[in-house]
Amino acid sequence: MGLLYQIFIDPFMQMGQAPDLLVQTLWEGLVGGVLYALIALGFVLIFKASGVFNFAQGIMMVFAALTLVGLYEKGVPAPLALLLAIGVMYLLALGVERVVLRPLVNQPDIMLFMATFGLTYILIGAGQLVFGGDPKEMPVTALGLPKGAIDLKILGGLVSLQKIDIAAAIIASIMVAGLAVFFQKTRIGRALRAVADDHQAALSVGISLNQIWVIVWFTAGIVALATGIMWGARSDVSFALQVISLKALPVLILGGFTSVPGAIVGGLIIGIGEKLGEFYWGPLVGGGIESWLAYAIALAFLLFKPEGLFGEKIIERI
Amino acid sequence: MADSRQDSGRSAVEDTFPKLLRMHARVRADRPAFRHKDRGIWQTWTWREVYDNVRAIALGLHKLGVAEGDKVAIVGANRPLLYWSLCAAQMLRATPVPVYADAVADELVHVLANADVKVAAAQDQEQVDKLLSIADRLPTLEHIVYDEDRGLRDYVQPNLSALDDIIEASAKALHSEASLGRSLDELIDAGRADDASIMLYTSGTTGRSKGVVLSAGRSVQAARDTVAFDGLTDRDEQLAYLPLAWVGDHYLNYAQALVAGSCVACPENADTVAQDLREIGPSFYFAPPRVFEAQLTRIMIRMEDASGLKRKMFDHFIGVARKWGEKILNGESVPVLSRLHYALGEFLVYGPLKNVLGYSNIRAAYTAGEAIGGELFSFYRSLGLNLKQLYGQTEAFLYVTAHANGAVRSDTVGPPAPNVDIRIADDGEVQFKSPGQFVAYYKEPEKTAETLTPDGYVKTGDAGFFDADGQLRILDRAKDVGKLKDGTIFAPKYIENKLKFFPNIKEAVAFGDACDFVTVMLNIELTAVGNWAERNNISYASYQELAGHRQVYEMIARHVDEVNASLAQEPRMAGAQIARFLILPKELDADDGELTRTQKVRRGFIAERYEPLVKGLYDGSKIADISTEVTFEDGRKGTISGRVAIVDLTRHGASQGSKAA
Amino acid sequence: MSGADDILLKVDNVSLSFGGVRAITDVSFDIRKGEIRAIIGPNGAGKTSMLNVINGFYHPQNGSISFHGQTRARMKPYEAASQGIARTFQNVALFKGMSTLDNILAGRALKMKSSFFWQMFRHGPALAEEIEHRKFCEEIIDFLEIEHIRKAPVGTLPYGLQKRVELGRALAMEPTLLLLDEPMAGMNLEEKQDMSRFIIDVNQHFGTTIALIEHDIGVVMDLSDRIVVLEYGHKIADGNPEEVKSDQKVIDAYLGVAH
Amino acid sequence: MFYREVGQFKTSYAADQAIFPIRQDRIGLALILAVAFIGIPLIGGEFMIASVMIPFLVLALAAIGLNILIGYTGLISLGTGAFMGVGAYACYKLSTLFPQVNIIVWIISSGLVSCAVGVLFGLPSLRIKGFYLAIATLAAQFFLQWCFVRVGWLYNNNPSGAIEVPLHTLFGIPITGATAKPLTRYYVVLTIVVVMTWFASNLVHGRIGRNWMAVRDMDIAAQLMGIRLLPAKLLAFAVSSFYAGVAGALMVFLWLGAAEPEAFNINESFVLLFMVIIGGLGSLIGSFLGAALIHILPIIVRTTPGALGLSIGSATAEHLTYIITGGLILFFLIVEPHGLARLWQIAKQKLRVWPFPY
């Protein structure tokens, strides 16, 4: 009885009692969610265009950020480091297309999925080998990103918003918008959408599949870089982030593998959901449930709506 | 070897196959007697089981009215049940008549009618259908029994029954009424040496096929001799894949097996023989030369695809084998190092190769039927396969001559088999008296008389001679052997075969009877020569063009010269060296009547058709014109005409083999 | 002739649709014990969907199916299987990673019962069962004349043989009703003749009732006792080959257009 | 070329259905066992046994478990590490609650515990397939990991948060705890692994294995054969996590001697996954080969530079291992998707048809 009360009543009373805390939590969840969404976004891009379940997306984020920071630490001015990092992501895209996609084209999806595992390990190894394994700090100011926090006095309480978080939210929205435009308006964008439907169609647009793959992976790389900067700014840059990056996966389950809006909504649900869960329900079980709550939510989701929020229902034909 | 002698010693009284079977069922009741790859595994029957089954079948046949002197046809491939039916018939003192499974209805009618067959044992639906389709033409045929019931389950014919059912029913009967068993035993005991044990129809190359009657006693005796000769025992395994109706199968897989008590395995079906051979790993093996030839080709083709290194190794060790293999096999003295070298080859190449081919356990392998090329023959021997030749006939119940271990040569068929007496008639014909020799041609006394000499020798119809070390050489069918003007024996087939052993030469037709010298017309082997042409970048548009090409002529001329050289080595043949030859502008073809359906050249017909060429060969002209009719692949007829070059060769001196251009 | 007792399967006013798409509309027909029943129709006529409904893979929105006289609303595929409905597929659905023998043995799944415990030791009941069913499968292998590919991985086999193996796998279930989805698709003449022979043998010797979809009209006319003709999910004709051949609707809808 | 199969014909289905129908294979197996039981203890030093063989065997066992799931039933799992953890913690709890009971009993029963948990997390596999399932198993991974950290009861509220293995004996000989000799531990592990491998091979070669593979290759057809998907899949999960659980228990009790939750983190799951991929999906031999490669690789990477005279930090070595592992995965997926096991098969086939190429 008491337990039921603790689970179903108490948390909501807390929310009511301290709305400012609720808002604070929601905000943090929102920002976290946005970043999850970004990782998921890069993932969706790749899955749509090359049908690859890119397990390495999270690592690409860390790798990108690490490259940026690493270069910066080696004395490269931040803006240049940023450009270089972008360049590296492009090379990565090229490499992947050459070494992974081209040889494995027409292999069963599971193979490509496994291949991205290999990619993951190579990136982890390479990243650490070049820049060292120790956590690094993101040169926020050098990159012209705001620091500090804005404190809002609302709801009879104090809600403090990290500027960087605001920036993150804005950049994320811009990026999503940009991608939307890119997909809808540009020729390449349309080609990409075509590829998602069938490869022949893409060729008819006059772009070779390989080019498309490179572009997609590069785009995903840039998204990863941006995400990496954001995450890096909130915490340190190290491969510990890898675990966070895995959070993109439950997001995908919610959003479906092929839906951009799905990725975003899913990200927000997961981000906010786990923050609320951690803050209001976590204490019941000793806290730290953030580590799995996201997956639990996703799992629960799977059982009732396997195709995800926006994914289309699959009819099995024989 | 030893205990097989004891066997033959102890059981000297068994003079019929049923008696032998009964003996084995007693002596080695639980040794395997028959195997059959069926339903994925080698179903195996012990001697006792076989004996019981045969008795059951015998009883069944007896119920169907089969009695002493009746004929029972055996139609189908190698199946235990058919072998047993055969033995069952003998048990009833009836005579089994195996028939080629692929015989067409008409041939079947001829044989079955000629033999007044009463009951036919068929393998499967196909054979049963064939028999039913001709039943109305076989007044004496009363009943058909069959082995495999697939497709036959719902046949309603009254005089049709499954061997399985028969066995089941009879087994019950034998179990319930001891008297039945006793009467069977009496029947077996009643069997006598001069019972007609089996009737084998000779394939009709010369006229219609005749039924060769062989007596029980002689068959058993012949088998005893050769079993002792090759030391077969009840540990031996053999694969029965040759046609039941052929004397070879009946001898090797029935007679010898029943004497030695060895185990006979029947393959799953025709396509799986190679695989089954590999699984069973027979210790005694027979195959006609073409089988070995085809296999060698396959070996070489498969090795072509092997990696360079492996191929080098293979070629190297095959070389070693060529050099030492036969010597080692013949137990001649070989340097220790070479022996080691060969041993290494055995481990790396010969052993595995024999394993893949299924030859690993073979103690004695025979080939016969046609002349076998020396190269081919020694290739297998050099691998350590104890391949030997025998010369035989249905009339002899197979063995006339056979190579003894250690004294094997490709160009002879060996000395007379045990207890066989051979003489060469004045006209060069080989005549023999053998323990297994036939009694008579069924219902054809005059033909029997033709074949038997007054003093009881059998005329083989083959011409041959004994060479220095007492081994027999077969030259040709006696009627084809002629004489040159100077009296030297002219054996066209002998010369033609020597030529045909060259892969580049497909067919050869030799002339010379009653002429001054020997001449040949040749066909080149398009594939072989074609490859050769490619390698020497010789371009050609047609067979005719290639056949007429100067370089081709030169190459062929070298081959012919080699043949002359080898002929020169043989005193009696030296005179019959080839003086002139030409290459025919078209391939000899059965469709044009130039070959028999069995791909034998019809010399007379060819002589007429290519009369101008023959004339050219003998009037010394360098070229001759010919225009002849051909049948193309699609059956259209047409004529090709052309101008054919004729080449002279200088003959080798009889003794010294000095080469000349 | 068509007494209720000799009806094996009855399809009553079945309709099936995916989302908005109507695959089958109000189709009824029956299959009698021991007959060979053909379902024909142009591509997309709903033939395969009909088979899928019969063996419980699809669930019709309305209408009912009665098998062995008992009507069932929803049924799982494995239930259909356990009731004796076997099935082959339009584009071969073999277990690619397994050998011919294992594929056919897999068809015995329902018949094999030995406990997990014995399976662990592969002894006693487990081994006995394994051998017993191997014997049965060998009969099928012999019947279909596929001895030579017994141990070959099915993935490597030519199409015609794969079809044959699939038939073998279905036969291993000892079905009372056998559904064949284009058993001869993509076969050459000889293979078709073999397959027809097998189908007839199965029908005659094992008394198995057969429902088959086939495009080769010649084959259908020879093999089948009765034919249902579907077009755009509707039944447009039903009867013996002669009737169907002469049916105007059929001629227009199907036989008219070349396939 | 070492295969001499002539005359090895089968006269019974029992012989034909045997798992090793070829005599030479049976001999080879016997040799391997002889080496494992006699050879290695004789020649292998402390390091060889404690740091190479024991870990290798433990990992191979876990790999077999995972292979049953992925390779034979086609269900991807990223939670194997956690299931090993379940085994380890279960064994720790049981053996500390009832110290008097023989440890072997607890090792086996801890497998059963992990088996139960496995079935629980396997339930979703009915509704979801492929990648979705992979992610679902991540839930298991992270949830269980969380439990290992947060639920003090599991590690008896040990302040260090780690579990330490007490002394246990078998027939009076210490087999766990500090005093247990490597060789003794090796024999215990080896025996368990051999027996369980034998079970696994029996399972996958029998009815159950066929059903699993049927589900893997064509689940629709499998259903229509009368194979019920849920039981088949759950059984796979059960067996798989049983193996993982036992492996986990062995890992802590007979290999490491103590463990922290980190030992069972996501990376452990990945490493096992790689072993299975590189070794070969759907092959028991592959599981061993894969385990050998992935486990021994780091050792080589760590030792070779030293042998070559140039010194690299352990960190660098670790990073290199990462790269090489990743590279290997790509290499195998591209060059030989069926892994070492297939290479092994090809080699065997070559030897069987030697001197012919095919």
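A, B, C and D label the chains in the order they appear, each numbered from 1.
Note that a contact is a pair of C-beta atoms (placed from the backbone, for glycine too) under 8 Å apart; a residue touches a chain by one contact, two chains touch by 3 or more.
It should be emphasised that the depicted structure is a prediction, and the values quoted were computed from it without experimental measurement.
Visitor: Sort out for me whether C-D or B-C is joined by the greater number of C-beta contact pairs.
Guide: So, comparing the two chain pairs, more contacts are at C-D.
Visitor: Report back the single chain whose CA centre is most distant from the CA centre of subunit A.
Guide: B
Visitor: Measuring centre to centre with CA averages, how many angstrom lie between subunit B and subunit C?
Guide: 49
Visitor: Determine the centre-to-centre distance between subunit A and subunit B, using the mean Cα coordinates as centres, and give it in whole Å.
Guide: That gives a centre separation of 79 Å.
Visitor: How many angstrom lie between the CA centroids of subunit C and subunit D, rounded to a whole number?
Guide: Chain centroid spacing, subunit C to subunit D, equals 41 Å.
Visitor: Counting in whole Å, what is the centre-to-centre distance of subunit B and subunit D, each centre being its mean C-alpha position?
Guide: Centres of subunit B and subunit D (C-alpha means) sit 59 Å apart.
Visitor: Enumerate the residues of subunit C that touch no fewer than two other chains.
Guide: Counting only residues that touch two or more other chains, subunit C contributes 57, 89, 93, 134-135.
Visitor: Among all residues of subunit D, which ones touch two or more of the remaining chains?
Guide: 13, 16, 220
Visitor: Identify all positions of subunit A at which a residue touches two or more other chains, and write them in rising order.
Guide: In subunit A, 318 touch at least two other chains.
Visitor: Please give the residue numbers of subunit C that touch subunit D in the complex, ascending.
Guide: Per the stated touch rule, the residues are 55, 57, 76-78, 80-82, 86-87, 89, 93-98, 102, 105-107, 109-110, 112, 114, 116, 119-122, 126-127, 129-131, 134-135, 169, 173.
Visitor: Can you list the residues on subunit D that touch subunit C in the complex?
Guide: 13-14, 16-17, 19, 199, 202-203, 205-208, 210-211, 213-214, 216-218, 220-228, 235, 282
Visitor: Of all residues in subunit A, which touch subunit D in the complex?
Guide: Per the touch definition, subunit A meets subunit D at residues 53, 99-100, 103-104, 107, 109-111, 113-115, 117-126, 128-129, 132-133, 243, 246, 249-250, 252-253, 257, 285-289, 291-292, 295-296, 298-299, 302-303, 306, 316, 318.
Visitor: Looking at the complex, which residues from subunit C come into contact with subunit B?
Guide: On the subunit C side, the touching residues are 101, 134-135, 138-139, 141-143, 147-148, 150, 201, 204-205.
Visitor: Name, in rising order, each residue of subunit B that touches subunit C in their complex.
Guide: Per the touch definition, subunit B meets subunit C at residues 39-40, 150-151, 153-154, 268-269, 271-272.
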